[in-house]
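Two complexes come next, and they have one chain in common, chain A, joined by chain B in the first and chain C in the second.
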Partner chain A sequence: MNDMRIAERDVDSMESKITARKVQVFYGQNHALKDVDVDILDKTVTAFIGPSGCGKSTFLRCLNRMNDTIDGCSVKGSIKLDSEDIYDPKVDPVQLRAKVGMVFQKPNPFPKSIYDNVAYGPKIHGLTRNKAELDEVVETSLRKAALWNEAKDRLQSPGTGLSGGQQQRLCIARAIATSPEVLLMDEPCSALDPIATAQVEELIDELRSQFSVVIVTHSMQQAARVSQRTAFFHLGNLVEYGETGQIFTNPKDPRTESYITGRIG
Partner chain B sequence: MQSEKHIASAFDRDLEAIQAMIMKMGGLVEAAILDAAQALESRDEELAERVRAADRAVDALEDQINTEAARLIALRAPTAGDLRTALTVIKIAASLERCGDYAKNLAKRSTVLAQMSPIGDTAGGIRRMAKAVELLLKDALDAYIHRDIELAEDVRRRDREVDQMYNSLFRVFLTHMLEDPRNITACMHLHFIAKNIERMGDHATGIAEQVIYLVNGAMPEEPRVKGDITSVTLLDGSQ
Partner chain C sequence: MSVSLISLIVVILAVAGFILARRRALAHSGGDARKLHSLPQYHGMTGVLFTVVPAFLVMILWLLVQPIVFENRITAMIPEATAADDATRTLVMADVRRLAAGLDQAVSQGKLREADIEGMRADLTDVRGRLAEVGVALGSNVQQSVFQAAKAYRLIRNTSSLLMTGVVLATAVAGFFYAMSRISVDYRARNVSERFMIGLLALASLVAVLTTFGIVFSLVFETWHFFTLYPPFDFFFGTVWSPRFGGGSTLGILPLIWGTLYVSFIALLVAVPIGLMSAIYLSEYASKRVRTVVKPLIEILAGIPTIVYGLFALITVGPLLRDYFAMPLGLGNSSSSVMTAGLVMGIMVIPFVSSLSDDIINAVPQSMRDGSLAVGATQSETIRKVVLPAALPGVVGAILLAASRAIGETMIVVLGAGAAAKLSLNPFEAMTTITVKIVSQLTGDTEFASAETLVAFALGLSLFVITLCLNVFALYIVRKYREQYE
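Moving on to the complex of A and B:
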């Protein structure tokens, strides 16, 4: 029976990219995440779902130390990227964020040209030696983000002049220009129309051949469509983590079932 | 049924409505089985005619259940237990529709058989077999509505008894046909009836397996014990 499975749903790699153990997050007195253990696979789309305030975005922000910027936030436990502890004092968060890119809910291009939006990261990290190399990075990133054909003739026009869906793809191009290993996406489609959403979802599926993608989404249908692994968070706990098809057809935990069938909010 | 309610109460109403249709369909089919067997034993052609006419309602319910289930899948995108409910109602409706057809066929043949002399007490044997199957079907549907795995497993086990009743009827028909070739026409009809009732038992078992799938998320692993041995039985009744 197993060989009859649809190949596309399989993950390409069983290797862990990120290993989190006993992760706890406090915002002051507020215990936002409780003992989260999770292995995020390489070259796989992992979706985090759960009601508002369940800790899914908090956990996502732990993965590239975005919580460092929040006052009174403390993170305990260990998070390893390829067996390297990202909370080690020797790790430079700016370098880490080049390896673990992020795309936000609302498209937020810099008030610069399309070209400069994408070139910014490689420039400040000194990833290219000359203009020709930089041009190439910009082109490949825009191509990977499926924006090249629409943007190639207007690279010098402002990024903010693009449509919402194009802006979000520009932000994805910007995030992948530094050749990250992991791409974090915090509700990347919530401000987009259904067509732009479908384009971004198609893009996410293509990106997983190169990166590990972690996506936080409020749309359970989106999680079901794009991910191979799904993690369900509730009240700061990671309730269930497993193969997406299994989570949506036969979840093991009654809380997961209640949430995905629309019984608890 | 899951006791917790959906946030969207219309979703609960849709699911409940579809399951109510299944129960209604089950009730009609159970009555058809009992009435058809009764019509056969008491040679009641009027009752047989009523059974044949009533099958239309069963077919219409199946259509309605399929339409409602398709609509639920399209509009509510059900997941997990809700998705399995939508899938199982379609399958159970198909099983019930087959059982309804078999009962209708029994009624048809009973009209023909009423013109011939009875073959011993085989009509009584068939009525007892029909009663056993009707109980199986009732229990399978009760197991469905109460999500009762124990009862579903019990239905799977008890189908064997129906198989054994069929095996012994099969031998009786063989004996009557060997004794007097003039019995052959009636025995052939009676044998089809017995075989069809045995198939209804299999459908009841299929419904019980759907209950197990609905509750556990997987079909039962251990294969069901098969009790019908007539496919390997020789003309003299030996195996």
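Moving on to the complex of A and C:
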């Protein structure tokens, strides 16, 4: 298999889901992100690439306001989800996070049963009326996360007892159980082996039909394999953003070219 | 030779061992430390270890066994008539030791010579008067048999001391030469000192375990003694506690257990919610600045001596509760009550709950909180559903520590709840606890032969069993509900 093969590029929709304009992020005195403008399309996988410390994870965490939990972090500029500013004081970050789910670098299942892990979101948001509906949500989420066949006979056993790849898929199931519109993934495969990585990547491609997926990755091959759009960040700046094929085969900016050919980063 | 002098000699020998062993190892390698299996200081270390460890072990063993041997030898010399039972025999033995010490004093001051003592007889010389001259006061005139025993005691003690010096120093020297003889280029000195370290660490933990067993054993022994004097059934199921030192007491433990559990229950009712909530606030919500100020302030509570809490209960809380709660509600007019002691004790144990829980909650990985927040849970939902379940074992441990502090507390109860043993549901009535009664049974001029004093050991053992059961129960709870996050 050619690792640099470029995935199917037919972007299903040109509608933007998230519009970010002039986003600045400060950690105390440290200016972590400078003037980032990005349009993230609906039903598309968007990859953020760039060397460590370039601000890609920071930007990702702005999209569901997870940066609010970090002391001394301030965000300026505007980020709109479906033309509604998510940093507007009227917006409840808790509700926002139900709409913009997130999967983390290291699998972090709760120390509860597999069932309770997936049912966690629906339960706290009151999305289901009875046990039968909840069962159904859990089943469909696990199916979408390609974990149902492995987990259906052990729903009551602890989620922490699964293997690393299964745990990450469980976390994906947990994130999609609240039926979010956007799914953010912060290096979801960096703690997984190649087989588990392949499974998760396949899953990301399937999830594209329902959500807009944003993935931060260190692996350029992975970005090339799973994404339709790629943004390259460097030292807190968004250097280049465009179609994945174009970024990898014909980058406009010399910095992008240096990075993808391995000269910087 | 005294123990400290022997120790000093052994230590000097060990230092010499270090230097010589190190030098010897270097000499074997021809001055090139790289040829040695272990670094030169490890060779030096084996020199120290082989000299010190066996010698000190022999000495400790000797010092432990010595009194037992002496006791047996000397008791045999005292006629049955003078030492009829255990208690008097102990007294006579104390006399013997005191007399021997007095004679030593006299010799060291030059008032007596060893040869004089040999020929002295208690019925001919005024031993008491002679010893008074050197500043050793004896309670009564010395009997000849006791004087003979004291002389014998000195004799064995001196031989034993001489013998011990010889044996210990011989062991040290033998160890020293053994260590020297083993040094070579390939000698695994590093591994040998590693094994010594393991042994040392294991010994340290063994001491802790053995002490526990020792305490339990002595309690069980005296409790057994008590039950030969007082029927166990009446003790465990009696509802009246009224000890009379003239005899004919009723010693039922139930009112005391009730008082203990009632006071502790109220204390935990105060401490657990307040402590846990303040721990959650400090670890999850408070800013760093607030945390650095508030946490030490709460911990100050743990440093206040319990007698000060007792005064607070006696002077402030007790009258307050009586005037504003007990009297208007018609529940009694006593200022010392279970409620007073429970409240104050609750305040005392807050830091045990809060400080430990705070550390435990902080130890829950941030990724758990992120995971929960990312699906749109609020902070308090995250704490209730993810953080606390993950921290449960530690929190239960903290509560348990608070509970055992509360159960074992004495001073606050004496001053806050009084000393009257009672079985009552009214929290505004004076009651008392097991620990208070242990103290009151053992204070004063008492002998350890009557049921009234020995009952203290039975009470102590019961208390121990209660806390043990509590521990086992908590362990069960933790096993059942724990949610492991790693």
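We adopt the following convention: the second predicted complex is superposed on the first by the 257 of 265 C-alpha atoms of A that agree within 3 Å, B and C clash if a C-alpha of one lies under 4 Å from a C-alpha of the other, contacts with A are read in each partner's own complex, and residues count from 1 in each chain.
The definition used in the following text is that a residue touches a chain if its C-beta (ideal position, glycine included) is under 8 Å from a C-beta of that chain, and two chains touch if they have at least 3 such contacts.
Fair warning: this is a prediction, and the values are worked out from it, not measured in the lab.
Student: Should the superposition on chain A be reported as showing a clash between chain B and chain C, or a fit?
Tutor: They fit side by side.
Student: For the three-chain arrangement built by superposition, which of chain B and chain C touches the greater number of chain A residues?
Tutor: Partner touching more chain A residues in the overlay: C.
Student: Kindly classify A:94 by the partners it touches after superposition: chain B alone (first), chain C alone (second), both, or neither?
Tutor: A:94 sits against chain C, while chain B stays out of touch.
Student: Counting only touches as set out at the top, which of chain B and chain C does A:208 meet: first, second, both, neither?
Tutor: A:208 contacts neither chain B nor chain C.
Student: Could you tell me if A:221 is touching chain B, chain C, both of them or neither one (first, second, both, neither)?
Tutor: It touches chain B, and chain C stays clear.
Student: Looking at the overlay, does A:260 come into contact with chain B only (first), chain C only (second), both, or neither?
Tutor: After superposing on A, A:260 lies in contact with chain B but is clear of chain C.
Student: After superposing on chain A, what angle in degrees do the C-alpha centres of chain B and chain C form at the C-alpha centre of chain A, to the nearest 10?
Tutor: 130
Student: Determine, under the contact definition given at the top, whether A:250 touches first (chain B), second (chain C), both, or neither.
Tutor: In the superposition, A:250 contacts chain B only.
Student: On the overlay, how many Å separate the closest CA atoms of chain B and chain C?
Tutor: 33
Student: Across the complex, what residues on chain C touch chain A?
Tutor: Checking each residue of chain C against chain A gives 287-288, 365, 367-378, 381, 385-386, 389-390, 483-486.
Student: So in the complex, which bits of chain B are touching chain A?
Tutor: 2, 4-8, 11, 77-84, 217-218
Student: Which residues of chain A touch chain C in their complex?
Tutor: Going through chain A, the ones touching chain C are 64, 66, 69, 71, 94-99, 101-102, 104, 106, 108-112, 120-121, 124-125, 158, 160, 171, 174-175, 177-178.
Student: Under the touch definition given earlier, write down the residues of chain A that touch chain B in their complex.
Tutor: Those in contact with chain B are residues 220-221, 224, 248-251, 256-258, 260-265.
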